[in-house]
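Two complexes come next, and they have one chain in common, chain A, joined by chain B in the first and chain C in the second.
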Partner chain A sequence: MRLLTHNLLMCNRKQCTGGFPLRIVLDTDIDKDAQSVEESEFRPEFIQHLLPKLDWEALYKTAQELNLSPGVPPSYSEEDKKDENFLRAVHDVVMDVHILEGKLVCPNCNREYPVSKGIPNMLLTNDEV
Partner chain B sequence: MAPVPLVVSAHIAVDTPRNNEVRHDGIHDAFVVLLEINDIVFIFLLCEISAEYHGTDGVMSCLPCLDHLSRDDYADVYEPSEDTFLFIDALDKELTRIADAKPTRILEMGPGSGCISVHLLQQLQKRAVQCLPSCLLIDINPKAVTAALKTAACNGVGQHFDGLQGDLFRAIRPRQTFDMMLFNPPYVPSPAEEMCEGGIAAAWAGGVDGREVIDRFIQQAPDHLADGGCIYLLSERRNKPEEIRQLFKQKGFCSEEVLHRRAQNELLNVTRFWRVGWGESACDVNS
Partner chain C sequence: MTISAPTPHLFIPSIGLAQLQQDHLERLFASLPPALQPAALCLILKRNYLFASFTDAPTAAKVRAILSSKGEADDNSASLRSVMESLGISLPIDAEYAELCSWQGQEGALDSVQDPCSYFSGQGDNWSAALGAGVRLLRGWVVQDDCETVRRQVDAQNWNKASRQRELHIGCGFHGRGNHMLDWHKCVKRLGAVLHEGFVDRIVASFGERTPPIAVNQATVIEALPGKGTEYYCLESDAIFDDWIAFVCVHGSLPLSLFNPHAGRVEGLWLNEGDMLTMQGEARYAWTFVVPAVKEPALTGGTVATRSRALMVVMRSIKQNAQGAASDYLFSSEASRPPSEGRPKMPPSDKSCRPVDVSLPATQLEEDHVYQVYDKIAGHFSHTRYKPWPKVQAFLEQLQPGSLVLDTGCGNGKYLRAASNVLCIGSDRSAPLVEICRERLGVDAQVLVADSVRLNFRDGCADAALSIAVIHHLGSEDRRLAALQELVRCVRSGGAVLVYVWAYEQEQGSIGARQFDSQDVFVPWHLQRVYESGSQADQPDSETQPEGSDTPCPPSGELSGAREHLVELKRYYHVFTKDELIGLCGRVCGASVESMYFDANNWAVMLRKAEAAEGHDHDRTGALRT
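What follows is the complex of A and B.
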């Protein structure tokens, strides 16, 4: 799962509102990588189109929590949208960082959603729907 | 005399009449094996059916490579069938429109093997589209998500795909994210028990009129569709396609059928839906 996808996910229990962004807890007790960086082609135009679709506050917070360096700035200006360095930093964070093993934890109700082999399981039990 | 097998390899094109139209059904690799035992000649014809076929518009189309999926996998993941092929043909027909719209984010709901969106990405790639969209796959069946992501990786477009296990849009924030949605839904009318079975049944069991999942999709999808975006949805005659168009109309959407086809007892169609005021101006939502 890329952070691009994580940026969309929220807690969806009927008993919970406002569970966003989900906190990423990497599984460190395993032999395989819990997180990976896979370089992909940088397309500035694509990132420009993507910017208005991102929840920036959530992305910034998540990048901070994962200690991504250089990560992304707390906010961006119109000027930044044309700055290749800025666009590249966004690309590196949203497209290249993959969460492979761990869980997503609701900041509100602490419901945990497991992530296995890069695929989050957002399904609920019957009493949560 | 010991039996000596004689193998003759051939490459033959087969025309099969289907749906009352003659349609190239692909190139088949065939092996003829002649085996002589006690003066009796046994002839075996072994065929390998190729995934290549001609689309309805005469353009050679090609299913993504699915070699990574075995017979056993298809016990848990929906195997591409007539509905999948119709969807792929519909997207081929729409390819110029899709390429011109330059979608950034695509969602495929219920991808199964992943054929439909992987095919679309491959076609856009062939057109040398500079900015290939990023595609999210959501399926309730975890084996389908795994299979579909593998299909993307095996066909050279893996870096554009992400997948998650979920129940339609439940876990997705409504932010008008997606420029395009593709949905080949579970459309077969089925008893309620089958709806709850999970696994492969989720790929086809659609409940009353085959509409239960489709109707929930129609309720949720508009909140996630970007301005100027569109939805491609497959349905079958028993789903009452006219009612589906009405439901979308109530949500402020126009519609246009892209393709339809009869497949055995089913009459399938793929329809494009888009918001009033975006795209074609000829659409009158009150008509």
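What follows is the complex of A and C.
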């Protein structure tokens, strides 16, 4: 799961509101790679189009929590949108960082959603729908 | 599996990959005197036995005697004994003779490379026709960009250092001499890691309409350097490989020496970047190839070429059974060999769709007759769903570059990469199907397991959403409406939602047409037992692929067959009338129907989310959720 995908996900139990962003808890079992970086093609104009769709606050927070270096700045300006270095940094964070093993935890209700082999399982039980 | 008469092959118990690593096993056999070295080892994952093939039966007998001796080490066994000791293996080991009969008469490597006097460099048709039916040479078939992409991916991989020439196996590799011992160790696991979908599609497309369709699951990339060649010809058996093969030069130019030992013919071929040679039918097993070591090959037309580094991709399909049980298969009696004919075929598609008792609770109906069924048929289903529908693809392609698209109920993910300018995120209720997406598409597949009635995406996060053949599986009108409402909630203002559902009004006589007596029906899916466990989910079985393009219907084979090999599963569908779909969409808050059309027995509708913020309020009210 890319951090881009993570940026779109929220807790949607009927008992919960405001479950966003989900906190990433990596599975630190030594046999597994909980997180990986897979380089992908950098397309600046693609990232430019993505920018307005990202919840920046959530992205910044998540990058901080994962100790990504260099990560992304707390905010960006109009100028930044044309800056290739900035776009590259965003690309590296949203496109190339993958969460493979662990769980996503709702910041509001603490519901946990497992992530296995890079696939989050967001299925809710009948009483949560 | 084993027999008493001496054969050149030994079944050796007590040692195998279960407890030792491959290089240890290879070292062990390398410690035998040169005259007793095995010609090939067949190692099987997680097994505590292996098979070894020797040049002849007397050699195998000598090795068998060494392994079974308890006595003093002699010259022949001293070195072996010390290696065994270091690996913690104790003698004696009672090896048995094994039979290797699946490809007798045509198995094996042919040593001397035949040198064609010249390499054909002209246009293909006449030349390839002269090699026999099923042979095609297509010059410039693959465009430069695709070649370049493959070359970059290839160069990023770790090459197989064990082989003397540089070869990169993908999907499955081979042991020893003769490509008949399958090895899942030394290979890139995923085809997509090296060969992108567009490239593979291009190759497959060259074969045209074909039954069964081509399902590539193995490729070998050969690096051809000036003056260097691959070492021997190897005839490939129909016991293991499907009846087609493709050779594509993706970088530089290289000579190929093609040899048909039965006919005693040798042909030379000069391949340039983008050129492709394919063989199918009998020709596929009759011809074998090497890249000869020739430094300055003479081309037809009188010129002499200079070689430089070149890369050739060889693509094949390994048969399902060969993958499933290489050991039993390779070294077993004729009786257990999977017959090439008479395998279970799909029965005539049972188009009779039985009405459903809709008094069942919707969620129960879905659980028993949708989710559980898809989990079971995931592997099989995936093979029948590989071609994007043109109109859905066109919808994706007309979106702004950089658009985010949600594909809810993404199945095996065929739309996730259908358009290169948008980013698709898929979700499906079926975890096995979602895993197949991931297997097929790798890390690029952004997929999650989620319920389309209640999505976990935040409001307005996407530019567009797809719901292709999904909501007709939901068991009540409320739930179908809730699913539509969720799609609208998740796209931005002005965003589009494309929905496909089965139509009650079927165009009779068209592919997959059915007769519905009721709008709530069970539609049978005939699942081959080999898929039942779901464990072989991503292994193509070309024998059972239904014909034709992707239709929303289950396989429509025409051959009668052994029904006992098939499990019938009932999928629940609610088929829509046109008016009903319009009515349902009319109840969706904050969006309106922009267009509607009939496409291959489906009703398609495109909803557009209102530009005003007004629609937003409805998004999270949950009024439609129960």
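Throughout what follows, the second predicted complex is superposed on the first by the 128 of 129 C-alpha atoms of A that agree within 3 Å, B and C clash if a C-alpha of one lies under 4 Å from a C-alpha of the other, contacts with A are read in each partner's own complex, and residues count from 1 in each chain.
Basically, a contact is a pair of C-beta atoms (placed from the backbone, for glycine too) under 8 Å apart; a residue touches a chain by one contact, two chains touch by 3 or more.
What you are looking at is a predicted structure, and each value in this text was computed from that prediction instead of being measured.
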Once chain A from each complex is brought into register, does chain C clash with chain B or fit beside it? clash
Once the structures are superposed on A, label A:28 by its partner contacts, choosing first (chain B), second (chain C), both or neither. neither
I'd like to know which partner A:1 touches here: chain B for first, chain C for second, both or neither. both
Looking at A:85 after the superposition, I want to know if it touches chain B, chain C, both of them or none. Which is it: first, second, both, neither? neither
Have a look at where A:9 lands relative to chain B and chain C in the superposition and call it first, second, both or neither. both
First (chain B), second (chain C), both or neither touched by A:40: both
Which superposed partner A:125 touches (first chain B, second chain C, both, neither): neither
Is A:49 touching anything from chain B or chain C once the two structures are fitted on A? First, second, both or neither. both
Just chain B (first), just chain C (second), both, or neither: which does A:69 touch? neither
What is the contact status of A:117 with respect to chain B (first) and chain C (second): first, second, both, or neither? both
Tell me which region of chain C runs into chain B after superposition, given the options 43-51, 313-321 or 547-555. 547-555
Which chain A residues are contacted by chain C in one complex and by chain B in the other? 1-2, 4-5, 8-12, 20, 38, 40, 45-46, 49-50, 53, 55, 113, 117-124
As the complex stands, chain A meets chain B at residues 1-2, 4-5, 8-12, 20, 38, 40-41, 43, 45-46, 49-50, 53, 55, 95, 113, 117-124
Residues of chain A defined as touching chain C within the complex: 1-2, 4-5, 7-12, 14, 20, 36, 38, 40, 45-50, 53, 55, 98, 113, 117-124, 126, 129
Which of the residues in chain B come into contact with chain A in the complex? 102, 104-105, 130-132, 134, 136, 140, 142, 145-146, 149, 159, 162-167, 170-173, 175-177, 226
Chain C - residues contacting chain A, complex: 363, 400-404, 423, 425, 427, 429, 431, 434-435, 438, 443-444, 446-451, 453-458, 461-463, 492, 622, 625
